[in-house]
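A, B, C, D and E label the chains in the order they appear, each numbered from 1.
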Amino acid sequence: MRAFWREYRENWIAVVALAVVVVIVLAALLAPWITPQNPYDLASLDLMDARKPPGFVGSEGYVHWLGTDAQGRDLLSAIIHGLRISLQMGIAAGLFAMTIGATLGILSAHAGGWVEAAIMRVVDLQLSFPAILLALVLVAVLGQGKSQLVIALVAAQYAYFARTAYGAATAERQKDYVEAAHATPLPGWRIVLRHILPNCLPPLIVVGTVQVANAIALEATLSFLGLGLPPTEPSLGMLIANGFQYMMSGRTWISVYPGIALIVLIVAINIVGDQIRDQFNPRLRR
Amino acid sequence: MSASPLLEVRDLRTHFFTRAGVVKAVEGVSFSLEKGEILGLVGESGSGKSVTGFSLIGLVDPPGRIASGSIKFEGRELVGLPPAEMRALRGKRIAMVFQDPAATLNPVLSIGQQMTLAVQAHGRASDAAARDLAARTLTRVGIPDAAARLDAYPHEFSGGMRQRVAIATALLHGPDLIIADEPTTALDVSIQAQILAEMKSLAKETGTALVWISHDLATVSSLADRVLVMYAGRIVEAGAVGETLRAPRHPYTRGLLDSLPAMARPGEKLNQIPGTTPSLLSLPPGCPFAPRCPRADAVCATDPPDVVTASRLVRCHHPLEAA
Amino acid sequence: MLGFIIQRLLQAGLVMLAMSALVFIGVYAIGNPIDVLISPDATQDIRAAAIKSMGLDLPLWQQYLAFLGRLLSGDFGRSFVFGTPVIDLVLARLPATLELALASVLIGAFIGIPLGIYAGYKPESPIARGIMAVSVLGFSVPTFWVGLILILFFAVHLDWLPAGNRGPTAEFLGVQWSFLTKEGLTFLILPALNLSLFKLAMMIRLARAGTREVMLTDTVKFARAAGLSEMTILRRHVLRLISIPLVTVFGLEFGSTLAFAVVTETIFSWPGVGKLIIESITSLDRPVMVAYLVLVAFLFVTINLVVDLSYALLDPRLRRGGRGA
Amino acid sequence: MNQILVAEGVTKRFSPSLSLGDRIAGVLGAHVDKRAVHAVTDVSLSVTAGETLGLVGESGCGKSTLGRMLAGIMPPTEGRVLVSGTAPMRGRHKATTRIQTVFQDPFASLNPRMRIGDSIAEGPVTHGLTSRADAPRMVADWLARVGLDPAFAARFPHQFSGGQRQRVAIARALAMQPDVLVCDEPVASLDVSIQAQILNLFLDLRRDLGLTCLFISHDLSVVRHVSDRVAIMYLGRIVEAGSAAKVYASPRHPYTQGLLDSVPKLRLSIDDVADFKPIAGELPSPLSPPSGCAFHPRCPKATALCRAERPALTAREDGTLVACHHA
Amino acid sequence: QTLTMGVRAGPESIDPHFTATGTHSEALKHIFDTLTHSGPQLQIEPGLAESWRPIDATTWEFKLRRGVKFHDGSDMTAEDVVASIRRMQTLSGPNPTRIYVRRITDVRIVDPHTLHIITGGPSPTLPNDFIRLFVVSARATAGLTPEASNEAFNSGRAAIGTGPYRFVSWTPREQFIVDRFEGHWSGRPAWARHVRREIPNDANRVAQLRTGQVDMIVRVPAADVATLERDRTLSVVKADTVYVFNFQFDFRENTPQVTARDGSRLAANPYRDPRVREAIDLAIDRRALAEIAMEGMGTPQGQMVTPNIFGFNPALPIPTPNLARARQLLTEAGFPNGFRMVLNFSNDRLPGDRGVGTAMAQMLARIGIEVQAAGQPAAVIFPARARGELSNIMAGWGTLTGEASYTYSSNAHTNNPTLRLGAFNWHGYSNPEMDRLIQASEFELDDAKRRELLQQIGALFNRERVSLPLASVGSAWAMRRDRVSMPSGRADEETYAWDVTPATR
């Protein structure tokens, strides 16, 4: 672990990215305490404050550093809360997708035969189908709400994990230590849980970070297409989409600031993921 | 006879500057090589054989580099030579063959394409001329029907055939020196014997000097004229093959020979060297072999051994008696 | 090889079957299309007649079977909204999307691969780090967002390029293409750029990862030992070696580009199938949705097949006997 | 005699798994490669208690496959394996613990994410050979026995050198208290000095525990050193088998002869002739083994008979088994 | 001269009888004339019919214009009208135009330019329906099967009308092109060619106007109106439309989306309590909605129809907010702490719907109701409403017929399929008094009396708070000053080439 960190530290960009992620996660966790306004408490919003530019002093008496949106929400507060929701969605979707995908992938790699064929065909089938369309159809079917959106995201993403886990598990399965376990012999479940699974985790973690970022971006896109979260509980994507209509009229802050927040978040997660990937890649070690 | 040897290596040090520290893979290696001579380089894994070979041809992977020393090829200093000039030498005057032919040949290019590229790397040659040269060279290394097989891909050859292709590629420009890094280790004994036989006759025919890197004492003994034994980046013993192996003077060389099952009676315990090879990151100040050496004493642990030169080079405070 | 193709075709059939079933059920679950289409003051009998005329009165499985039956004779049914055969509707708009997708994938490939190779060749250099930073950005920034920025900047602000729609077209092979006319090309640039951003990032990363790994192999070392120049090594050895994963992704990306065109086409009013599908979703025009998704699935499978077949071209190891053998 | 490990007519073929599409294409008349890899063909052998049988042959001749079938990791296509009188496998899964394996690559055969103590204890604890409470003591015992510091139990494999790992692997196998140990090239990837250490360890353990052993290697001198009897494999079949001393001293089969001749000898003086006498040609593909005697395309003594008829593995007067028309 | 217009949606076929969608008929009015026209404020004007009058309770007489020519040169006669009505009665599509002729039981040709139309009962609003009675050429459509008709029209073969423009080409969801018809009865149209390009994305529509790719656009998003107005090269025309945002309650005994604040079920549907409805009404600041949520592109409204509509009741006031009273009413109704509700609204159907929905959520929150705002696409929310899954909805309603009975009969009459009334009453409102008034107005041929009845209905509707009218939707057009000008916009937002003139410089 220490060696890992020492190596990680060498890439200052990755360190900055990690710091950004940590700051964002902290801000998201502490959102209710650090934001001047609770943007979800509708009663605390004032329509009179709507669409005011950055620096405006609102009816509550404090400065809206990033301006307000069409509902009179303080954008800074909204962005921090939006980050919170986006992260929640991304992480929840990522974790569920990882659990389901890894289970399926490792199971099919271990079981072999028709189980493998059946599961992997379905996964292939799904991979051969654009995630965004799948999510689109699912959200339309399931309706609006966080859990529905997470389901759609999971459905759109688990296949990547399943593929990765399957690939890793088939590679592990051929390794001597698994054969040694079979030769002992150890029961199948034990081989899967104690031997194959732990060794499949590194690639899964890498895919996981990227998929969390992807989930956040996908959620934003769905929001843009009108199939996202309720407008009173906006994610970053929703904030961007809501502010989108004001871009042409020069009130760009409504969309641009959440956009920048989103980009910073996703870029940071991706950079961290990249670095971890590079560090896990034994061929690039030195 | 000749004024200067073909290759003259003086106090070569090649170090890898890794995260964990400086790996002194080659530490003060010196030797020279005459035209047409076959030099065997033996030692256990990690002793620095390959790095020595790569240093000669200027292909040490980063984070490694030649820290100091001199490599004179026909009197010309190679250390610090501009990359372009070094490249002009590679393949033309100095060639190299690697251990695993499956990994060295490009699987997606035909043999002909790869060899043509190698021909054209040194001066203009039409594709036809290059192919012709390639075919002739393949024939020389014992590939039948070479012209037709130029369009084949590496996977269509067996391991032994692939190694022949790699050797032919090295021979294309008739180099003066070939560095062969364990070219038969990945092959079966029966194929290994074929390759060894061919290499020996090729070297004899063309007068090419050969640095033959191997961990197998037997192979080296039957091929080389002289042998260098490496341990932990240093040459611990060097001399004519027969003499050195029959009567090794360094305890390590002795230990290596005794470890061979062929040297013992079946079923009897082998005379093993205890311990393992040291990490190159933190070598003891004295003789690197001291911790494993049955003859070691306090001096060995603190002072690097001097070179004892009689008929041959031995780096030991307490060399074994000459036979 | 034949067996491989047959296998793929079987899979293709399966994918399309599953897709159509999913869409059928999905659209059914969203709601009755008639509620969106029909004007609310229509009387019950008019409503009933309309439902009947669209075949929505049958149970779902019967509708599905009827659909499959028609599909076998190449009939995808008629659009609820336009009343015309769906296949005409989709095919008429397909060239626009294909053109867009192809343009963006090509942009991605021709810019991305050289950049990626460079970044992989000199991974520690500042330029390489810069390239990677840009690629992460391209990877992360939502398409729709970039699209609007592009319009704002290049069309509205600078007035260099048109803001949307497809420009004049010229006919080639009986289909209208806009890249054949000079003006049409100007319409293509922004949307293609928008769509290509993701591919560009993808190509850079893949090419970089591939190059980095290949550069460490003995193949490259051996080529160097033979005295090949770095340029020759990169162009002849490395490019060929990394081409297989690139082609895979190239193919897959082409497919997902078709899908992501949904967003770009919406923003740029590009009259392709992506825009059609979004509009069909909002009007619950199920026949169009089914036809589109089945078509996308078909394209995907075809592309995958082509990709797999092109492996054989790129990788001689696969040439004999295909995969099965 | 007490035949502890017996193989009777064991055969393994790896048939390509044809996809549905391939089968349809085959029906349609396209050429579909249905050839199976004949990895092991009709091998019968037996190992007596306390004996070490060496299995030698070139790469791809089926040594590992045979070893796996004997060890009960892989079911034979045909034939029967008995370990201590019972079949080692039930269905596709290994049932017995009476036979254990040591693998070639010490870097791959230990789970990199498991402490070596756990690796050693896992099997015995799972099978109730040791109680969980006893496990640490048992592990310490075995570590000491294979020459490692018992304190190493808490370490991970990457903290060990290759030779140390191979010691761990041996300890892991022996901790299962097997009757038979299958060693699949246990020293092939080790340096000579380490190889010597492991071979010595092996010899010690064999003596102390009275191990029965199948020792697989491509290194003729290693096999000679450790084996009581040897079997030479060529293209999935045993071509010669007998007491190690006899086979090495006077090989009967032309392949065995060629193989022994191919091995470079340590040349200890300039006067020693260092002539290589390689076997001509290359190993044929196990997809389509040659007719008759599989060795005939490379055999200097081959006749029409060799091309037409496969020689049976027959016992010669001194007890050696040879499959050759002309030996 | 070409007029290129960026529109939100175009026709769905070239067959004018194929569907009753508004954008469909808007576009096809260029090719085909209708029997009656609706004026800029939706008043009925002569079209192909010069005049009309009821002869008895169930018969209307229509006099056709003389000298009207089809694009193929033939004369338009009563035959063509009859053929058109027959087509509309038989064609059955997703949204059939049969609704416009559903009351007709028989058509009699008196002479080539006179028709008697017999209805099943008194049908005072028949001429209003006929603004969508497109007349196609009997000859060109003869023998067309319903299946083949779309292809025949789309290929142009049957697309023979009497309108001011003739059909040139159409690509679905892309563009619709027509050319000037020199022989139109009203004179020569100003534009030689008219292109209607479909640009559904608001931002892109604006962008294309600014880059000059189109001469003018319809439905300028509210957010951009002010900016475009400031642009000297553009001119912006604004008009009030007949779409009124209103908030509808569920009147059923049990309603799915309302619970107590702690999530437990309520004993009864609170919306059935008039005090709750009034409280909600008083919570809403209609001015703020119009000025801020809709960015000034709306006008506060106190009734379901706008002032230009027949049946508007000028006596009804626009409610003013009173939060204290609203909270008091809630307390009286037994909800001192309010309750929890989902507030449904469409987010992609009308300009400003999302803004109004979320703003309303805020306003309700201020009187202590916990609101969960659920804005969804029309494609999702309307089917859900039809299935009865919603407890309320905020959506726009447009009295496109220009006449209030359409609005009240659809929304406030008890749902009664046999009477064909209350088709839009998904929320279970039922009041015998209301039903009686609506039925009376439905059959009253005398305009003055009918107006009186409709105003009574409006008053009752508001007293009962069947739904809460909030604000009418404004619409804006923007155009390049150097190319085109348009004096005013229509209340139904439809935009025709003849309302636009080339700019005079």
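Here is the rule we use: a contact is a pair of C-beta atoms (placed from the backbone, for glycine too) under 8 Å apart; a residue touches a chain by one contact, two chains touch by 3 or more.
Remember, it's a predicted structure, so these values are computed and weren't measured experimentally.
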Shared chain contacts [chain A and chain B, defined touch]: C, D
A-D compared against B-D, more contacting pairs: B-D
Centroid distance [mean C-alpha coordinates] between chain E and chain D, Å: 85
Mean-CA-position distance for chain E and chain C (Å): 38
Chain centre separation (chain C, chain D; CA means) in Å: 52
Contacts with 2+ other chains: residues of chain C: 30, 148, 152, 156, 216, 266, 281
Chain A: positions in contact with at least two other chains: 140, 244, 247-248
Chain D-facing residues of chain B, complex: 44-45, 158, 160-161, 188-194, 196-197, 200, 215-219, 221-223, 240-243, 245-246, 255-264, 266-274, 276-277
Complex contact set, residues of chain A against chain D: 175-177, 179-188, 190, 194-195, 198-199
In the complex with chain C, residue positions of chain D that touch it: 16, 18-26, 28, 30, 32-33
Interfacial residue positions of chain D with respect to chain A in the complex: 71-73, 93-95, 97, 100-101, 103-105, 108-114, 122-123, 126-127, 169, 172, 176
Touch list for chain E against partner chain A, complex: 202-203, 206-207, 221, 223-224, 226-227, 285, 288, 292-293, 347-348, 354-355, 357-359, 361-366, 371-377, 379-380
